[in-house]
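The following block contains the structure, expressed as C-alpha coordinates.
The first chain written gets the first letter, and so on, giving A, B and C; residue counts start at 1 in each chain.
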(Lines give C-alpha, C1' and ligand atoms only; values in the text may rest on other atoms or scores of the structure.)
Protein backbone atom coordinates (compact mmCIF):
# COMPACT_ATOMS: atom_id res chain seq x y z
CA UNK A 1 0.00 0.00 0.00
CA UNK A 2 1.20 3.45 -0.85
CA UNK A 3 -0.34 6.86 -1.32
CA UNK A 4 0.18 9.25 -4.23
CA UNK A 5 0.72 13.00 -4.12
CA UNK A 6 0.07 14.67 -7.47
CA UNK A 7 1.80 17.92 -8.39
CA UNK A 8 1.86 20.35 -11.27
CA UNK A 9 5.15 22.17 -11.35
CA UNK A 10 5.33 25.59 -12.98
CA UNK A 11 9.02 26.27 -13.62
CA UNK A 12 11.96 24.33 -15.04
CA UNK A 13 13.71 24.22 -11.66
CA UNK A 14 11.92 24.69 -8.36
CA UNK A 15 11.55 23.24 -4.89
CA UNK A 16 7.93 22.65 -3.85
CA UNK A 17 7.02 22.18 -0.20
CA UNK A 18 4.98 18.96 0.15
CA UNK A 19 5.08 18.76 3.95
CA UNK A 20 1.33 19.33 4.35
CA UNK A 21 0.44 16.63 1.83
CA UNK A 22 2.68 14.10 3.59
CA UNK A 23 1.25 15.15 6.96
CA UNK A 24 -2.31 14.60 5.65
CA UNK A 25 -1.45 11.08 4.52
CA UNK A 26 -0.02 10.29 7.95
CA UNK A 27 -3.04 11.69 9.76
CA UNK A 28 -5.48 9.73 7.60
CA UNK A 29 -3.47 6.54 8.24
CA UNK A 30 -4.08 6.86 12.01
CA UNK A 31 -0.66 5.23 12.50
CA UNK A 32 0.90 6.62 15.67
CA UNK A 33 4.53 5.51 15.40
CA UNK A 34 6.59 4.35 12.46
CA UNK A 35 8.55 5.44 9.43
CA UNK A 36 7.47 7.18 6.27
CA UNK A 37 9.29 6.67 2.98
CA UNK A 38 8.94 9.38 0.36
CA UNK A 39 9.87 8.27 -3.14
CA UNK A 40 9.85 10.07 -6.48
CA UNK A 41 9.22 7.84 -9.54
CA UNK A 42 10.97 10.27 -11.89
CA UNK A 43 14.55 10.55 -13.14
CA UNK A 44 14.70 14.36 -13.33
CA UNK A 45 13.24 15.13 -9.91
CA UNK A 46 14.25 14.44 -6.30
CA UNK A 47 13.29 14.71 -2.63
CA UNK A 48 15.06 16.73 0.03
CA UNK A 49 14.37 17.62 3.66
CA UNK A 50 15.43 21.19 4.30
CA UNK A 51 14.37 24.53 5.74
CA UNK A 52 10.90 25.60 4.61
CA UNK A 53 10.62 28.70 6.78
CA UNK A 54 12.59 31.09 4.58
CA UNK A 55 12.02 30.66 0.81
CA UNK A 56 15.54 31.94 0.13
CA UNK A 57 17.00 28.59 1.24
CA UNK A 58 15.17 26.75 -1.57
CA UNK A 59 16.20 29.49 -4.01
CA UNK A 60 19.86 29.21 -3.01
CA UNK A 61 19.78 25.43 -3.51
CA UNK A 62 18.34 25.71 -7.01
CA UNK A 63 20.62 28.62 -7.94
CA UNK A 64 23.77 26.82 -6.84
CA UNK A 65 22.75 23.61 -8.63
CA UNK A 66 22.00 25.58 -11.81
CA UNK A 67 25.41 27.24 -11.60
CA UNK A 68 27.30 23.94 -11.06
CA UNK A 69 25.28 22.02 -13.66
CA UNK A 70 24.22 24.47 -16.36
CA UNK A 71 21.28 23.58 -18.60
CA UNK A 72 23.33 24.20 -21.74
CA UNK A 73 26.64 22.38 -21.73
CA UNK A 74 28.42 19.75 -23.79
CA UNK A 75 26.37 16.85 -22.40
CA UNK A 76 26.04 13.63 -24.41
CA UNK A 77 22.35 13.05 -23.63
CA UNK A 78 20.51 14.66 -26.51
CA UNK A 79 17.17 15.46 -24.90
CA UNK A 80 18.34 18.71 -23.35
CA UNK A 81 17.79 17.63 -19.75
CA UNK A 82 21.10 16.00 -18.80
CA UNK A 83 21.57 18.62 -16.06
CA UNK A 84 18.28 17.52 -14.51
CA UNK A 85 19.33 13.85 -14.41
CA UNK A 86 22.61 14.83 -12.72
CA UNK A 87 20.90 17.00 -10.09
CA UNK A 88 18.40 14.20 -9.40
CA UNK A 89 21.25 11.71 -8.89
CA UNK A 90 22.98 14.04 -6.42
CA UNK A 91 19.95 14.99 -4.33
CA UNK A 92 18.44 11.50 -4.48
CA UNK A 93 14.98 10.14 -5.10
CA UNK A 94 14.08 8.70 -1.68
CA UNK A 95 14.07 9.82 1.94
CA UNK A 96 12.92 7.96 5.07
CA UNK A 97 11.83 9.89 8.15
CA UNK A 98 9.98 9.06 11.36
CA UNK A 99 6.41 9.32 12.65
CA UNK A 100 5.82 9.88 16.36
CA UNK A 101 2.34 10.39 17.85
CA UNK A 102 0.84 10.49 14.33
CA UNK A 103 3.06 13.46 13.39
CA UNK A 104 6.25 13.78 11.34
CA UNK A 105 9.21 13.81 13.72
CA UNK A 106 10.83 17.07 12.66
CA UNK A 107 13.36 19.53 13.95
CA UNK A 108 12.36 23.18 14.23
CA UNK A 109 12.95 24.21 10.62
CA UNK A 110 12.42 21.08 8.58
CA UNK A 111 10.08 20.59 5.67
CA UNK A 112 9.84 18.10 2.80
CA UNK A 113 10.53 19.41 -0.70
CA UNK A 114 9.81 17.94 -4.09
CA UNK A 115 12.71 19.06 -6.30
CA UNK A 116 11.69 19.74 -9.89
CA UNK A 117 14.68 19.89 -12.25
CA UNK A 118 12.98 19.54 -15.66
CA UNK A 119 9.59 21.20 -15.40
CA UNK A 120 7.02 22.37 -15.83
CA UNK A 121 5.37 18.94 -15.70
CA UNK A 122 2.76 16.87 -13.94
CA UNK A 123 4.58 14.84 -11.28
CA UNK A 124 3.88 12.19 -8.67
CA UNK A 125 5.34 11.43 -5.26
CA UNK A 126 4.77 8.02 -3.66
CA UNK A 127 4.46 7.77 0.12
CA UNK A 128 4.53 4.56 2.18
CA UNK A 129 4.13 4.26 5.93
CA UNK A 130 5.83 1.44 7.85
CA UNK A 131 4.24 1.16 11.31
CA UNK A 132 6.52 0.25 14.19
CA UNK A 133 6.28 -3.47 14.72
CA UNK A 134 4.02 -4.56 17.56
CA UNK A 135 4.41 -8.30 16.99
CA UNK B 1 17.68 -11.77 5.86
CA UNK B 2 19.23 -10.08 2.90
CA UNK B 3 20.33 -11.05 -0.58
CA UNK B 4 23.66 -10.33 -2.24
CA UNK B 5 24.29 -9.19 -5.81
CA UNK B 6 27.90 -9.74 -6.88
CA UNK B 7 29.48 -7.56 -9.56
CA UNK B 8 32.80 -7.29 -11.36
CA UNK B 9 33.31 -3.75 -12.55
CA UNK B 10 35.58 -3.11 -15.51
CA UNK B 11 36.44 0.58 -15.39
CA UNK B 12 37.54 3.09 -12.74
CA UNK B 13 34.25 4.99 -12.99
CA UNK B 14 31.07 3.50 -14.38
CA UNK B 15 27.36 3.10 -13.70
CA UNK B 16 26.13 -0.49 -13.94
CA UNK B 17 22.43 -1.25 -14.35
CA UNK B 18 21.41 -3.76 -11.65
CA UNK B 19 17.65 -3.46 -12.16
CA UNK B 20 17.25 -7.03 -13.41
CA UNK B 21 19.18 -8.51 -10.47
CA UNK B 22 17.01 -6.60 -7.99
CA UNK B 23 13.86 -7.65 -9.88
CA UNK B 24 14.94 -11.31 -9.72
CA UNK B 25 15.39 -11.10 -5.95
CA UNK B 26 11.91 -9.61 -5.60
CA UNK B 27 10.32 -12.26 -7.82
CA UNK B 28 11.97 -15.13 -5.92
CA UNK B 29 10.79 -13.63 -2.62
CA UNK B 30 7.13 -13.93 -3.74
CA UNK B 31 6.44 -10.79 -1.68
CA UNK B 32 3.65 -8.85 -3.36
CA UNK B 33 3.80 -5.47 -1.60
CA UNK B 34 6.50 -3.81 0.43
CA UNK B 35 9.74 -1.89 0.28
CA UNK B 36 13.14 -2.85 -1.00
CA UNK B 37 16.32 -1.35 0.43
CA UNK B 38 19.42 -1.41 -1.75
CA UNK B 39 22.67 -0.89 0.16
CA UNK B 40 26.29 -0.81 -0.95
CA UNK B 41 28.83 -1.98 1.68
CA UNK B 42 31.64 0.01 0.07
CA UNK B 43 33.04 3.50 0.65
CA UNK B 44 33.98 4.26 -2.96
CA UNK B 45 30.72 3.16 -4.61
CA UNK B 46 27.09 4.25 -4.45
CA UNK B 47 23.52 3.56 -5.59
CA UNK B 48 21.36 5.80 -7.74
CA UNK B 49 17.97 5.47 -9.40
CA UNK B 50 18.07 7.15 -12.78
CA UNK B 51 17.28 6.75 -16.47
CA UNK B 52 18.50 3.43 -17.87
CA UNK B 53 16.97 3.78 -21.34
CA UNK B 54 19.66 5.98 -22.90
CA UNK B 55 23.25 5.12 -21.87
CA UNK B 56 24.27 8.77 -22.39
CA UNK B 57 22.55 9.71 -19.09
CA UNK B 58 24.89 7.46 -17.11
CA UNK B 59 27.85 8.76 -19.12
CA UNK B 60 26.93 12.39 -18.39
CA UNK B 61 26.66 11.66 -14.67
CA UNK B 62 30.12 10.08 -14.51
CA UNK B 63 31.66 12.75 -16.77
CA UNK B 64 30.31 15.61 -14.69
CA UNK B 65 31.41 13.98 -11.42
CA UNK B 66 34.89 13.39 -12.85
CA UNK B 67 35.10 17.03 -13.91
CA UNK B 68 33.97 18.36 -10.50
CA UNK B 69 36.09 15.91 -8.49
CA UNK B 70 39.20 15.11 -10.52
CA UNK B 71 41.15 11.93 -9.75
CA UNK B 72 44.38 13.88 -9.40
CA UNK B 73 44.09 16.85 -7.09
CA UNK B 74 45.64 18.06 -3.83
CA UNK B 75 43.66 15.65 -1.64
CA UNK B 76 44.98 14.66 1.79
CA UNK B 77 44.01 10.98 1.58
CA UNK B 78 47.11 9.26 0.24
CA UNK B 79 45.59 6.18 -1.39
CA UNK B 80 44.74 7.97 -4.64
CA UNK B 81 40.98 7.47 -4.38
CA UNK B 82 39.84 10.52 -2.40
CA UNK B 83 37.69 11.58 -5.37
CA UNK B 84 35.86 8.24 -5.18
CA UNK B 85 35.06 8.68 -1.47
CA UNK B 86 33.68 12.17 -2.17
CA UNK B 87 31.50 11.00 -5.07
CA UNK B 88 30.19 8.13 -2.92
CA UNK B 89 29.28 10.55 -0.11
CA UNK B 90 27.36 12.79 -2.53
CA UNK B 91 25.41 10.08 -4.39
CA UNK B 92 24.83 8.00 -1.25
CA UNK B 93 25.08 4.33 -0.41
CA UNK B 94 21.42 3.42 0.17
CA UNK B 95 18.09 3.80 -1.61
CA UNK B 96 14.64 2.56 -0.58
CA UNK B 97 11.97 1.99 -3.21
CA UNK B 98 8.61 0.23 -3.33
CA UNK B 99 7.30 -3.16 -4.44
CA UNK B 100 3.76 -3.43 -5.80
CA UNK B 101 2.29 -6.68 -7.16
CA UNK B 102 5.73 -8.35 -6.84
CA UNK B 103 7.29 -5.73 -9.15
CA UNK B 104 9.45 -2.67 -8.54
CA UNK B 105 7.20 0.40 -8.51
CA UNK B 106 8.94 2.46 -11.17
CA UNK B 107 8.22 5.43 -13.35
CA UNK B 108 8.64 5.04 -17.11
CA UNK B 109 12.39 5.58 -17.33
CA UNK B 110 13.76 4.45 -14.01
CA UNK B 111 16.45 1.87 -13.38
CA UNK B 112 18.77 1.05 -10.48
CA UNK B 113 22.47 1.73 -10.97
CA UNK B 114 25.49 0.59 -9.02
CA UNK B 115 27.96 3.49 -9.20
CA UNK B 116 31.59 2.39 -9.34
CA UNK B 117 34.00 5.21 -8.52
CA UNK B 118 37.23 3.28 -7.82
CA UNK B 119 37.23 0.21 -10.07
CA UNK B 120 37.80 -2.14 -11.56
CA UNK B 121 36.95 -4.33 -8.56
CA UNK B 122 34.75 -7.12 -7.32
CA UNK B 123 31.79 -5.51 -5.56
CA UNK B 124 28.69 -6.46 -3.61
CA UNK B 125 25.23 -4.96 -3.28
CA UNK B 126 22.97 -5.97 -0.38
CA UNK B 127 19.21 -6.10 -0.91
CA UNK B 128 16.57 -6.43 1.81
CA UNK B 129 12.81 -6.64 1.34
CA UNK B 130 10.43 -5.31 3.98
CA UNK B 131 6.94 -6.71 3.33
CA UNK B 132 4.00 -4.43 4.03
CA UNK B 133 2.72 -5.25 7.49
CA UNK B 134 -0.34 -7.47 7.63
CA UNK B 135 -0.54 -7.70 11.39
CA UNK C 1 10.06 4.12 19.15
CA UNK C 2 13.37 5.70 18.34
CA UNK C 3 16.61 6.42 20.14
CA UNK C 4 18.46 9.72 20.32
CA UNK C 5 22.20 10.32 20.01
CA UNK C 6 23.25 13.72 21.38
CA UNK C 7 26.34 15.47 20.05
CA UNK C 8 28.24 18.67 20.70
CA UNK C 9 30.13 19.69 17.59
CA UNK C 10 33.23 21.86 17.92
CA UNK C 11 33.86 23.32 14.48
CA UNK C 12 31.78 24.96 11.76
CA UNK C 13 32.31 22.02 9.40
CA UNK C 14 33.30 18.56 10.54
CA UNK C 15 32.46 14.89 10.16
CA UNK C 16 31.95 13.06 13.47
CA UNK C 17 32.10 9.27 13.64
CA UNK C 18 28.93 8.02 15.37
CA UNK C 19 29.38 4.33 14.54
CA UNK C 20 29.91 3.29 18.18
CA UNK C 21 26.79 5.11 19.37
CA UNK C 22 24.67 3.43 16.68
CA UNK C 23 26.24 0.06 17.50
CA UNK C 24 25.38 0.54 21.20
CA UNK C 25 21.74 1.23 20.36
CA UNK C 26 21.59 -1.93 18.27
CA UNK C 27 23.19 -4.07 20.98
CA UNK C 28 20.83 -2.79 23.66
CA UNK C 29 17.84 -3.50 21.38
CA UNK C 30 18.80 -7.24 21.24
CA UNK C 31 17.36 -7.28 17.72
CA UNK C 32 19.32 -9.80 15.68
CA UNK C 33 18.27 -9.00 12.11
CA UNK C 34 16.68 -5.96 10.58
CA UNK C 35 17.30 -2.47 9.29
CA UNK C 36 18.44 0.66 11.07
CA UNK C 37 17.42 4.11 9.88
CA UNK C 38 19.65 7.03 10.87
CA UNK C 39 17.96 10.43 10.56
CA UNK C 40 19.16 13.95 11.34
CA UNK C 41 16.42 16.41 12.40
CA UNK C 42 18.47 19.42 11.27
CA UNK C 43 18.62 21.39 8.01
CA UNK C 44 22.34 22.22 8.13
CA UNK C 45 23.66 18.75 8.96
CA UNK C 46 23.62 15.35 7.25
CA UNK C 47 24.49 11.65 7.51
CA UNK C 48 26.99 9.75 5.39
CA UNK C 49 28.46 6.27 5.43
CA UNK C 50 32.11 6.45 4.49
CA UNK C 51 35.62 5.38 5.43
CA UNK C 52 36.38 5.95 9.12
CA UNK C 53 39.80 4.30 9.17
CA UNK C 54 41.83 7.21 7.80
CA UNK C 55 40.75 10.66 9.05
CA UNK C 56 41.99 12.24 5.81
CA UNK C 57 38.92 10.91 3.97
CA UNK C 58 36.58 12.96 6.18
CA UNK C 59 38.88 15.97 5.80
CA UNK C 60 38.87 15.69 2.01
CA UNK C 61 35.07 15.53 1.96
CA UNK C 62 34.69 18.69 4.05
CA UNK C 63 37.47 20.51 2.16
CA UNK C 64 35.97 19.77 -1.23
CA UNK C 65 32.47 20.78 -0.09
CA UNK C 66 33.85 24.03 1.35
CA UNK C 67 35.62 24.77 -1.92
CA UNK C 68 32.51 24.08 -4.06
CA UNK C 69 30.11 25.89 -1.71
CA UNK C 70 32.03 28.69 -0.01
CA UNK C 71 30.71 30.13 3.24
CA UNK C 72 30.81 33.67 1.86
CA UNK C 73 29.13 34.01 -1.50
CA UNK C 74 26.23 35.91 -3.03
CA UNK C 75 23.55 33.71 -1.46
CA UNK C 76 20.02 35.06 -0.92
CA UNK C 77 19.49 33.48 2.50
CA UNK C 78 20.54 36.17 4.94
CA UNK C 79 21.49 34.07 7.95
CA UNK C 80 24.99 33.33 6.72
CA UNK C 81 24.55 29.56 6.51
CA UNK C 82 23.19 29.04 2.99
CA UNK C 83 26.25 26.93 2.17
CA UNK C 84 25.35 24.59 5.04
CA UNK C 85 21.78 24.09 3.77
CA UNK C 86 23.12 23.26 0.29
CA UNK C 87 25.67 20.75 1.61
CA UNK C 88 22.96 19.12 3.75
CA UNK C 89 20.68 18.78 0.71
CA UNK C 90 23.43 17.13 -1.32
CA UNK C 91 24.65 14.65 1.30
CA UNK C 92 21.15 13.95 2.62
CA UNK C 93 19.61 13.63 6.06
CA UNK C 94 18.76 9.91 6.19
CA UNK C 95 20.49 6.59 5.59
CA UNK C 96 19.15 3.04 5.99
CA UNK C 97 21.55 0.16 6.59
CA UNK C 98 21.23 -3.45 7.75
CA UNK C 99 21.60 -5.36 11.01
CA UNK C 100 22.79 -8.96 10.92
CA UNK C 101 23.43 -11.01 14.07
CA UNK C 102 22.91 -7.89 16.22
CA UNK C 103 25.72 -6.05 14.39
CA UNK C 104 25.77 -3.39 11.68
CA UNK C 105 26.30 -5.11 8.33
CA UNK C 106 29.36 -3.22 7.13
CA UNK C 107 32.07 -3.58 4.56
CA UNK C 108 35.69 -3.43 5.72
CA UNK C 109 36.10 0.33 5.88
CA UNK C 110 32.65 1.69 6.59
CA UNK C 111 31.61 3.95 9.43
CA UNK C 112 28.66 6.28 10.04
CA UNK C 113 29.37 10.00 10.13
CA UNK C 114 27.32 12.91 11.39
CA UNK C 115 28.13 15.80 9.04
CA UNK C 116 28.16 19.19 10.77
CA UNK C 117 27.97 22.08 8.29
CA UNK C 118 27.00 24.98 10.58
CA UNK C 119 28.60 24.33 13.97
CA UNK C 120 29.60 24.43 16.64
CA UNK C 121 26.19 23.42 18.02
CA UNK C 122 24.38 20.86 20.10
CA UNK C 123 22.89 18.31 17.69
CA UNK C 124 20.71 15.21 17.72
CA UNK C 125 20.60 12.08 15.61
CA UNK C 126 17.48 9.87 15.64
CA UNK C 127 17.88 6.12 15.22
CA UNK C 128 15.09 3.62 14.57
CA UNK C 129 15.41 -0.14 14.22
CA UNK C 130 13.01 -2.11 12.02
CA UNK C 131 13.28 -5.81 12.89
CA UNK C 132 12.97 -8.30 10.05
CA UNK C 133 9.38 -9.49 9.94
CA UNK C 134 8.72 -12.85 11.51
CA UNK C 135 4.98 -12.90 10.92
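The criterion applied here is as follows: a contact is a pair of C-beta atoms (placed from the backbone, for glycine too) under 8 Å apart; a residue touches a chain by one contact, two chains touch by 3 or more.
Because the structure is predicted, anything quoted here is derived from the model rather than measured.
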Query - Topology of the chain contact graph, where touching chains are joined (line, ring, star, complete, other) - result: complete
**Report entry** Self-contact between copies subunit A and subunit B, residue sets same or different by half
**Finding:** different
Query raised in the report: Between subunit B and subunit C, two copies of one chain sequence, what rotation angle (nearest 5 degrees) aligns their Cα atoms?
Result: 120
Report summary line: When centres are defined as mean Cα positions, the distance from subunit A to subunit B in whole Å is 19
Requested in this report: Would you mind listing the residues of subunit A that make contact with two or more other chains?
Outcome: 68, 90, 92, 96, 130, 133, 135
Query raised in the report: For subunit B, which residues count as touching subunit C in their complex?
Result: 1-2, 37, 39, 41-43, 68-69, 75-79, 82, 85-86, 88-90, 92-94, 96, 124, 126, 128, 130-131, 133-135
Query raised in the report: Quick one: in the complex, what on subunit B touches subunit A?
Result: 33, 35, 48-51, 54, 56-57, 59-61, 63-64, 68, 90-92, 95-98, 100, 105-107, 109-110, 130, 132-133, 135
